[in-house]
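Two complexes, one shared chain (chain A), two partners (chain B, chain C).
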Partner chain A sequence: MSDAGASHVRAALDRIVDRMLRASVLERIVIAIVSTTLALVIGAGIVALSGYDAVEFVYSLVYGAVGELSNVAFTLRQSTMLILAGVAVAVAFRAGVLNIGVQGQFVVGGFAATLAILFLTPLLPANTVAGVVLMVVAGGAAVAAGGAYGALPGLMKAYAGANEVITTIMLNFIASGVVYFLLDAYLRPPGAAAPNTESFPDYVDLPGFAFGSPSFSVIGFGIALVTVAVVYVYMTQTGSGYDLVTSGYQEPAAKYSGVDPNRMIVRTMTLSGMIAGLAGALFAVMILGYYSDPNTFPTFGFDAIAVSLLAANNPLGVIPAGLLFGGLDAGGQYIGFTLDVPSELVDGVIGLIVLFVAAPELFRAAGRYTGLGGDAG
Partner chain B sequence: MPESTDNAPAVELTDITKRFGDVVANDGVDFSLRRGSVHAVVGENGAGKTTLMKVLYGLYDPDEGTVTVDGEPRTFESPRDAIDAGVGMIHQHFQLVDTMTVLQNIVLGHEPSKNGLVDDREARERVREICDAYGFSVDEHLDADVEDLGLGVQQHVEIVKSLYRGAETLIFDEPTAVLTPQEVEGLFDVMDALTDDGRSLVFITHKLDEAMTAADEITVLRDGSAVGTVDADETSRNELARMMVGREVLFDAEPRELSPGDVALSVDGVCADDERGIRQVDDVSFAVREGEILGVAGVEGNGQRELIETITGMRGAERGVVALFGDDITELSRRERIESGIAYVPGDRTREGLVQEYSLVKNALLGNQTVEPFADGAFLDWRAITDHADAIVEEYDVRPADADATAESLSGGNQQKFVVGRELERNPSLLVAAHPTRGVDIGSIEFIHERLREMRDEGVAVVLVSSKLDEVKRLSDRTAVMYEGEFVDVVDPGDVTEEELGLMMAGQSLDDPDTVALDAGGDA
Partner chain C sequence: MSAVRDAIGGRSAFVGGLALLAAALLVFLVADVPGSDLVTVGAMERALQAATPIALAAIGGLYAEKSGVFNIGLEGFMIFGALFGAVTAWTASGGDGVGQADLWFGVLVATLVCGLLAALFAVLLIRYEADQIVAGLAVWFIGLGFGPFISTVVWGGVSSPSLPNIDNVVVPVLSEVPIAGRLFFDASPLVMFTVLLAVGAWVVLFRTRYGYWVQAAGENPEALDTAGVDVNRVRYATLVFSGLMAGLGGAVLSIGIGSGFTGTGVTMVDGRGWIAIVAYLFGNYNPLGTYGASLLFGAMDMLQIQLQTVGISLPGSITGLFPYVAVLVVLVVVGYTRVPAAVGEPYAKED
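And then the complex of A and B:
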């Protein structure tokens, strides 16, 4: 009897897991929305148990993310950065290279953009055309610098066997330290209290269009989306992208197919660093309008790791994952300004939401591990 | 745990049906294993052998039918239940943790404990007893990491693991696929010792000779159904082959007149090292002409792998020159060599030849990333790649016939057919094939051999490495024998017997039978 009962339970479990594993994109979005709602309900319960107003908490979280136009702008601004940095991480992870140094590459890229703007501005006339030229040159400088800074640990791994996790983490500190030193010693205007550079000229800025926010531009968001599209096409439609993804899945097979593993590592890290550098340029031009002590920057490069993982390192998945993280970040910050709830509690609830959204992925992993969900595999 | 009557079969499967979607993998199969005997299950790839055994081992739930162990009907929810009922399985791909020691692997999940801690002494003692009883040397390696052991020893570890867990019935899934001829002999001795001790064995194989040598009874599966069960002493290879394939099979091919063309590949004084920097190929020289198959025989691990890797560009040569149609290609990358017309069937299909998580379509691109018509500049033409994959599946009879299936969902033999198909259809000028029919069923072996001969007749130069002597003898126009990194000799396969080849594989030159040949051979 118990045998039969157990097999029924198992059969039912099998069906559920099966269903989860085969969920379509639409179903996944539904699953994500349901999980978010569920997590918010549970989170609200925890907030209420801690003695705060749960309704106001949830309301503020949502309001802070999408409640009014300027909040949407802030959400999209954070999302822009998270999507770009998330794609940078995803490219490397897909190739099996653990680039934890996106933050550093981002800092170096932003600094290169800043240098390009500050040094070229006096040489050009003060008009909009010059602004566009400056931004394009700054973007190019950032991509080049980020790529070079990413190539460095790539070279160390490929030709000296240095573990990229360790080197990229260390290079994050080096990037922040060196940039801070250069900024403080050479670029701080005389008499200024904060270690900031001079502000960029007014015409070096991306227009806000409908949002009217000084620190968000639809163009910036568009750049992030275009980058995602380019990376997606690269991975799925080009031989070089196939090389990269195959290296991540199974390196011996990639080598068999003609990939030079060492060159692939360097190429991957360079590409990842280039995208991170572009994020840095956007941060400097769109958000700051000057450059500052990198130690005070938001940790987009680290949060991007969670974004990429939530997206299963799929570049297209980085868009919804980045929007979710951007919204939660905006909502969380709004709560910090308006409510008297400890920030730890806010972070806890946000963590819960991420956990629930990631649950289908966890479910998949658990399904594979236990062998449930159809036995064809 | 044998507590029931001696007459009952050790294991009885009745009317087993197992479906995967629309595919019927087992269709009303009956199977009865006599206590203390070896029962072989033979059949082509995809005939349902492994599925049937996975039902017995609790990995699959049958859709219909019953499993009876020691006269008692059982429902296995998982291998754990099967193990508890005394059924153990030696998988084709070993289920060992590479980075753990032999002892840890054996006791994993069944550790003897004392005061809540693993009782190391007790574990060692029990493993030693098992090893002594059956003559395993596994107890000499108890503290070595599994990854440092040869495949033959790893298999012994698997067997000891099952015995340690109290297995009375052991299922061997294609156990000889990874073994050298000597190791196969050793395995058969072990199987004898196990049956002498009253244990019952199921031996899954598609090698008819092995089934006839090692088994008492043989059940033939074809397309998911049991065609029949015969006594191993009263059957013949031809009868079994007919049952398996459903038609007559030709074992001998007609020889052909040699008319080789220009020198396609020349290897001159090549030396190569393995990953640890140990010399594996020592000053080997030879040449292969267009329209010629050079067979390389030898016990695995005598440098064949390293030799063909220096030809195909997977490995750099420490010394010497590799040339293709007179052009020095020694310094060319793997990709450049693919582009210059070298096709390569690797010996390790699971790690190198296929990306396990990719569909067959994506795998059809593997190695073709820069080759027209699959690549058009930087971009890929997935339409052309899909057509190519479909063509391989169709022509090489890959089952299931679905190019969207992942490589890992295919059985080993079908994976092999796909890799061979991809490489042979590359239109190469030089084909390097390592163990092209390893794990492949008889019908497909015939087909692959036929294709190799056709390619040769079309003027392709072929280097064939195989540990199957009969394959080398049957296919090659000249046979080189490799021993400890050198060519012992290059002979006409018609002039030597298998015994003589065997002697050469052990390092003895035929000209000088009493001494080990030290000079590098090669008369090309």
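And then the complex of A and C:
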């Protein structure tokens, strides 16, 4: 075959693959939307069954998410955390490693950031420059600690065959327990009733800008977006990132091209843990301004699994999915205050979304049954 | 052939290990050697109690995985079991003076409800070929959300008020036997039941035709199909069984030996469903080995009390972590267990 002929075949193949990919992206978006809607309908049904007003529930959910500027700030604050944690999950899931331990890596990262700030503050002058230095050092410490805590189950999986789903869940429990112990025993100011550290100095905080919220900063949201961009470029444009993804999906192919799958597992878990650690630092600095008992923290690391799955583990898809879940979270807390509907309901709805996203065949079957989309066309 | 060798090697190692453990415990109980303060009849009683919910969920999960379906939702089903047990018993009593009959009714309903939920879950996994790991995680999330939600609707808070639990059964004469009498014949009937269940599960799995079907569904579904047995029906049955057992385990936790439902944090189940998965991996898919592993994790859970009685005082936040650390050690040391060949793969009949 001539070169021209070969390139012609190649171009045709590319077009077919391209179309298939686009179809599957579209299908995934449809599945994500249908899953979310179905889960919300079931949630509203349960609300009605429990004797609350379902219409008011849905209205309040939306109002709580975007109804006022302060609600939007809260939504964006939750979204910031969910996007960062979601990318941490997506990196791992993409590479075929099921890191359920983002919550633990997040807790450890936040704790490392706290230690860095509390120990270095007395050594530096009390001004904005020192604040920036402290935040940068804290971020670095969090990334290092989160990465190390992620590498641990990676090593266990790569070199001892220990199932990472279970080890990472155990490490979540251990992270919260140990951090609580250290906090309670060594970092709690004498006489304090709650197991909290001392507050960080005022100049260690991200400015709020337009939103004027003490616990949300546009800079934090920006950090999340930049992280997404960096991860996306790494995974699609670099050889190292390519190896990571192929070793997850095409282990034999990756092996053939000389990639050591064990090293890929450790590298994936480390990277995932680093991002989770960064999320922890942001949580400590932007949201709390001190550190506290991790058992009382929001479960960003778990909700992030839903975020990543909804985004089909695509780093860019994590942004809309994170915004959606941030809104659900904010709305859920709002109904908890105003309607007296327990906010745990929203956690259950998130679980339902994950369940439906896990079963795309369910929707394909429904599509065939109703004659819509898919095979009917 | 290597599978046969594994099984034989595994069994002799297992029996040896069990004998060694029993001998060691007896020495600690009877003789006065360093560390013997840690092993008392009371401690063993507590370990048996703590092991019971784990063992129940683990034996169910073992059957599901043996048949080729990974039920990673055990933790979630346990949460629902714990919740519905408490809700049913409380509702049946009309809100005041929960009696023994109410408690037994609660245990029964919780078991059946979780069996039903597992049947729905099975449809998603088998018919709609859902991702087993992700769907299993989803069950946990749903439990973490709706468990405390339902509790709040019923009691106005994420936890139930304090409830009584099921009385011990005292077997005349046998309860007078030293050590074993107090452990098994003056104990919660649920502890007894679980020991019998482990033995029964072993007999069914390795000595009956149905057990061979379960194993074949996980190892070689095509062959089972050729032999005229519906692979997916076997898998539906084991998944429903695992739901029933996880539900029972949860109910045991809340009203069998506990004192009501706790919904704070990750609820009172607190990782026991995940530990159950490790228990059957550690037990090498053998129901008796699984019971032994559950006992180990149960003992770890109770170690805190024992350490206190001998004057070693560690904070609860640290001793509470022992079972999780034990799980990590087990997974790293035992590491790779031979998973049934067809686990995780939906079976589609070719016709």
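Rule of thumb we're sticking to: the second predicted complex is superposed on the first by the 284 of 377 C-alpha atoms of A that agree within 3 Å, B and C clash if a C-alpha of one lies under 4 Å from a C-alpha of the other, contacts with A are read in each partner's own complex, and residues count from 1 in each chain.
One rule holds for everything that comes next: contacts are C-beta pairs under 8 Å (C-beta built on N, C-alpha and C of every residue); 3 or more make two chains touch, one makes a residue touch a chain.
Keep in mind the model is a prediction, meaning the values are calculated, not measured.
Colleague: Regarding the shared-chain residue A:Gly177, is it in contact with chain B (first), chain C (second), both, or neither?
Modeller: So A:Gly177 only meets chain C here.
Colleague: Counting touched residues of chain A, say whether chain B or chain C comes out ahead.
Modeller: Comparing touch counts on chain A for chain B and chain C gives C.
Colleague: Look at A:Thr238 in the shared chain and tell me whether it touches chain B only, chain C only, both, or neither; answer first, second, both or neither.
Modeller: Once the two structures are laid over each other on A, A:Thr238 reaches chain B alone.
Colleague: Once the two structures are fitted together, what part of chain A is touched by chain B and by chain C alike?
Modeller: none
Colleague: Residue numbers of chain B touching chain A in their complex, please.
Modeller: Residues in contact with chain A: 20-21, 59-61, 75, 77, 314, 333-335, 338, 344, 346, 348, 351-358, 362, 365-370, 375, 378-380, 382, 408-409.
Colleague: Sort out for me which residues of chain A touch chain C in the complex.
Modeller: Going through chain A, the ones touching chain C are 46, 50-51, 98, 100, 156, 160-163, 165-167, 169-171, 173-174, 177-178, 180-181, 184-185, 295, 302, 305-306, 309, 342, 344-352, 354-355, 357-359, 361-362, 365.
Colleague: Can you tell me which positions in chain C touch chain A when the two form their complex?
Modeller: Residue positions touching the partner: 72, 124, 128-131, 133-135, 137-149, 152-153, 158, 263, 265, 270-271, 274, 277-278, 281, 315, 317-318, 320-321, 324-325, 327-328, 331-333, 335-336.
Colleague: Which bits of chain A are touching chain B when the two form their complex?
Modeller: 3, 6-7, 10, 237-240, 242-243, 246, 249-250, 252-253, 255-260, 371, 375-377
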